[in-house]
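Take a look at the structures below.
Here chain A shows up in two complexes: once beside chain B, once beside chain C.
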Partner chain A sequence: MARHQGRGMASINYPIGMNLGGDPSQALVHANPDGKFTVALSAIDLGQGMKQVSRQIAAETLGVPIEDVYVDTADSDTGPHDMGSFASRGTHRVGNAVIVAAKEARGVLLEAAAEELEVNADDLVTDGKGNIHVRGAASKSITVKAASQAAQFKQGKTISGRGIFLIPLSTVHPETGEMSPVTAYAHACLVVDLEVCDETGDVKVNKLTSAYELGRALNPKMVEQQLVGGAWMGMSHALYETPEPYYPNPEHGGRDYNEYLMPGPGDIAPHDITVLERPAPDGPFGGKGPGEMCANPVLPAVANAIFNAIGVRIDTLPITPEKILRALKAQGGARPQIRRA
Partner chain B sequence: MARMPVQFRLNGSDRAVFVEPAETLLGTIRRGLGDFAPKFGCGQGTCGVCTVLVDGEPRLGCLTLSVTCEGRSIETASGLADGPTLHPLQAAFMEHFAAQCGFCTPGMLMAAKALLDRNPNPTRVEVVEAIAGNVCRCTGYEPIINAILAAAQQRGVRRA
Partner chain C sequence: MLEFRKDLFADERDDNLNVIGKGEQRQDMLGHVTGRTRFFDDHGFDGLLHLKVVRSPHHHARIRSIDVTAAERAPGVKRVIRGQDVPLNKNTLLSLIDFGKDDEPTLAVDKVRYKGEPIVAIIADSEAEALAAVKLVRVSYDPLPTVFDVQEALKPGAVVVNETYPGNYFEYHDKYDHQKLRFGDVEAAFRTADHVLEERYQMSPIEHASTETNGTIAAPETNNRYVVHSCAQGLFFSLGTTAKILALESNRLHFIGGTVGGGFGGKVDSLTEPLAVLGAILTGRPVRYVLGREEEMQFASPRGAERHVIKDGVMRDGRIVARQITSYFDAGAYTRLTSYGVVKCVAHMPGPYTIPNVRGDAYCVFTNRVPATAMRGFGVTGVDFSIEVQMDKLAHLVGIDPMEFRILNAYRDGDMKAHRRVAHNTALIECVQVVAEKVNWPLSETARRASSLSGGGGPRAAIPPTVTDESGRIGRPETRQAPPQLTPGAAPLPAHQPRPAVPVYQPPPAHQPAAALPNYPSQPADAAPLPAPAPPVPNAPAPPQHGAARFSSVFTRRR
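Right, the complex of A and B next:
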């Protein structure tokens, strides 16, 4: 028996969202009597950070402290319509909608403040700390709270904004089928170092090294968090989990966590991540988002590394010890490929 | 069957409840006592989200019968913070971004607390073993392991 080292890599372009029907997202922003803002969305936060980036984007656009923004994603019945949290579209689509809505709300906020201060709204700026003042004259100011209260209790104004992001529907070329399905792509390159045991078919991932280009990282720590977790999921898809191991035969599928395998805390490998920021021209503050791309490059890189280690090409997932042993048998043993340092 | 009286301590306060003989501790804590920190995942002992401490030992709430907890001390993640002050583990989980959806977090925290209470200076392997019964779909475990190690170090610093 021998354990064979292998290295594989994969580079991917990953589309942000999809252009079927314009891929709309909507956002509604309104001020409350205490001068704080609510952003209503139907985009769902599953833990990936949708709420946090929407909050950052809204606060930045409104010009108010982040603590004064509440993002409500609780109910898709009462929130404005959104296509959903999928296709890596959240940051880009929802973020853009939030900017439009927050800009409109900011406009009304400044009008209300202007009326109170008896100045022109165009001369007003926000300090990001909850105050609005005349440009160049910080003493001529009003708090966001006082302006919101004046709007609602005195002036009869609704400080609110509506936002939608919609991209033009792409036409399809009648002969070639060519179209532009998306407006932004993120990119990644990932290298996997692993070893394969030719007696048991066991694969041990030793190291992941990656670079991701995902526009501006609107929240760098959360980007990193998603990349770490996503790569784990990629490893799981590559080597462990499937509901139907003998698809289309439904037999032997895992029925619970005892049988449905995923890598546990003892199966993980160190992951060295580099994030390249290339702000996207049509992204909110340049953001595109990591999304599904954080898992995707792992799968081909693992398959390539296994080929590099033992010379067999396995083209169905997950790459289980059983598949490796059958392939080794058919090939007549391991044939390690050339390794470049 | 007749319901049975059970008394135990939950996060330091004495509680008395009537339970069905086959009722699980998880069900009693959540439905009977309204503490929703421990979660219901698989209900069959394979995911760890229901982990609570019974006399300091990690137990799967979904597989523990409430009637066996007479006179015991139960701890859940709701009892970790001291007023507004977070438990060092909670603070470390935040600091290290060790939660995304958060569904595994209450169980992870309790598994980690049981470890640190028993072994204040665990190795990485010991941390991995302590949370090996807790499934996480989001984080890839690395941030959780790092958070637990950091909390241990933090506590060590404070004790010194």
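Right, the complex of A and C next:
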């Protein structure tokens, strides 16, 4: 018996947003009389942080502190239409709609401030701390709160904005497949270090090292959450999960978390992540979307690392100990490949 | 552990921002960690009723009769719902964007096409009473032959799973049994390649396995409307689906959701919303329909299985000159979203590499299993697995380091992609370089100097003369291309191979400016901080070629 070390890699790209477009998102932004903003959406927060990323995009665009913005989402009576949270579309589509809406609201806010300060609105800037002042003259200023109160009670203005983002639907050519699938792609490369036991077929993932190019990490903590969680899901898909272990035989599906295998806490490997940011020309502040893609490179990298460790190719997922042992038997034992670094 | 490489692409970014780029705590964090966040199932109602369904024990069977008399008399039972009680008992999810034909009943009437298909719904005072009454429903079946393998299902004379699609394939463009991708001439390139490698990959289904199972609570409001607490990933998508199936105006439904206990694609199908609302309509009471864990695991849609057969022609110097991918997506018994995933897969071929000759054929195939649906990486995860294992094999075959091999073939700004759009904003090479550095993976000087910003375009931006064909005409299975024959690799892969020398390959041609992006239907985001903001066109009309285009004109007429 021996445990064989292996290292494998994979590189991928991932399309951001619904394939072919035609998937609009809307946003409504308004301020209360104290200059506190609400963003109304119909986007779904699945745990990925849809509310928070929308909130940061709104605060940045409005030029106000983040604690002055809350996101209210997914009440069909108050939230405007949105296609939904899937296809890595939330940040890109909803984020762009929020920018459009927040810009319109900011325009009214600055007009109200300009009227109070008796200056031209084009000369005003926000400091991100709740103040509006004349560019280059910080002393000539008014708070967002005072400007909002003036808009509401003196000037009769609504500080609000509407936004929509839509990539028009692309056609698909029947003969050639010519189409415009999406406008932005994220990228990744991932290396897996693992070991394979040639007696039990057990695979232990020891380390993941990755680079993800995501346009811009709008909230690095949430990006980390996605990438760490997604890599776990990729590892689980590669080595553990399936409702049909002998596909296409439909039997033997798990009925609960005891029977449906997934990696446990002891199986989780450290993950060293590097983020690259090449802004998407049409992304909100350049953002793309790490949501779906982060599981993808793990699957082939694990398969390639297993080959590197023992010289067998398993081309069917998941790569179970049974498949490894059968392949080792067919090959007549492990044949470790060249080590890299 | 997460770190940034801010030095890369720095001249394309303005990092002088207030809130963007900061790891601010989420506004919902406190609620989540203190257990006070309200999910759909945290909404209590007086007089709440519970709905459970009778499911088929057969993978494929004709229904001879359904007897609900005992169930109707069972303790606590308030209402039994059958297929004929559903106003529009045939739907396909993507009908909301005019893509595909209605093919799936909410409750099966004459036939069941997968094990677990709902046939009758029982509404009772408690879950236990509903489950007890489920057992009292007598359904008599004539079992039918089954088909579970995608390539078996495509054979002439195979068992017909779903009569809406009698060939067991989704129909693309009213013309073909699959979606094609044609770029250049793969056959000619295979003839000139130094090596040809054809391999088959299989991704089995997997579960979304969200902590929160699918479910809905629907309740009558006092104004002839219904409030619906939903876990849908697309709120209006689910609202629209429910309104269509129940033949209601959309404004009679008030959907509330947005806080969901995990989705991963498993909450796009509106599995529970239509029946819960129908229950509320028929009883005048609030109705809760939540899948149990076993139901979720066994009968809620999984990520479908995919089979990809990849044939590549590669030169000794590592250049891939042709790639052919034949993909079979196992949709299960009904379309749901698989037809869409197939087109997304075709758009993704041949992966993030510039290959001058590409052929793709992707099928959405019906079998007698639980209908598949979207899942994280839909249309891409399976083909990425296949492509990247294939890339490893090719690198091994030609004796080039796998990272060098990726960088050599990587797409770069200005390159033409197989779906005939120019690549821009690429960064695959840099990702490989950064990881190589991190793990001390030795790269040649050429590979370390490579850049996504240069070396692309020019001749790589050309659309080659392309061979097209009429294979796979609907109703003419004899025109379908023969299932790809698996040929062993060009030569047995040597084990214990000595470390290959650092490959010597021609550096890419000098940088040429990328061609203008043709027909790129992007609507610039007008995100101010970007250095070169595009003109703002927030309300620009769609380009004329898209006009009122909906998927009907893209693919097929709805019937």
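Convention: the second predicted complex is superposed on the first by the 323 of 341 C-alpha atoms of A that agree within 3 Å, B and C clash if a C-alpha of one lies under 4 Å from a C-alpha of the other, contacts with A are read in each partner's own complex, and residues count from 1 in each chain.
In this text, contacts are C-beta pairs under 8 Å (C-beta built on N, C-alpha and C of every residue); 3 or more make two chains touch, one makes a residue touch a chain.
Fair warning: this is a prediction, and the values are worked out from it, not measured in the lab.
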Taking the superposition as given, does A:Trp232 touch the first partner, chain B, the second, chain C, both, or neither?
first
Scan A:Thr176 for contacts with chain B and chain C and give back first, second, both or neither.
second
Is A:Asn206 touching anything from chain B or chain C once the two structures are fitted on A? First, second, both or neither.
neither
Going by the contact rule set out at the top, does A:Pro318 touch chain B (first), chain C (second), both, or neither?
second
Answer with first, second, both or neither: which of chain B and chain C does A:Gly128 touch in the superposed model?
second
Could you let me know whether more residues of chain A are touched by chain B or by chain C?
C
Under the stated touch criterion, which partner chain does A:Thr242 make contact with: chain B (first), chain C (second), both, or neither?
second
Would you sort A:Met262 into first (chain B), second (chain C), both or neither based on which partner it touches?
both
Between chain B (first) and chain C (second), which does A:Thr143 come into contact with in this model arrangement: first, second, both, or neither?
neither
So, A:Gly8: does it touch chain B (first), chain C (second), both, or neither?
second
Touching both chain B and chain C, residues of chain A
46-47, 49, 221-222, 224, 230, 233, 256-257, 262, 271
Provide the residue numbers of chain B that touch chain A in the complex, in ascending order.
42, 44, 46-47, 97, 99-102, 127-129, 131-132, 135, 137-145
Provide the residue numbers of chain A that touch chain B in the complex, in ascending order.
46-49, 221-222, 224-226, 228-233, 256-258, 262, 264-266, 268, 271
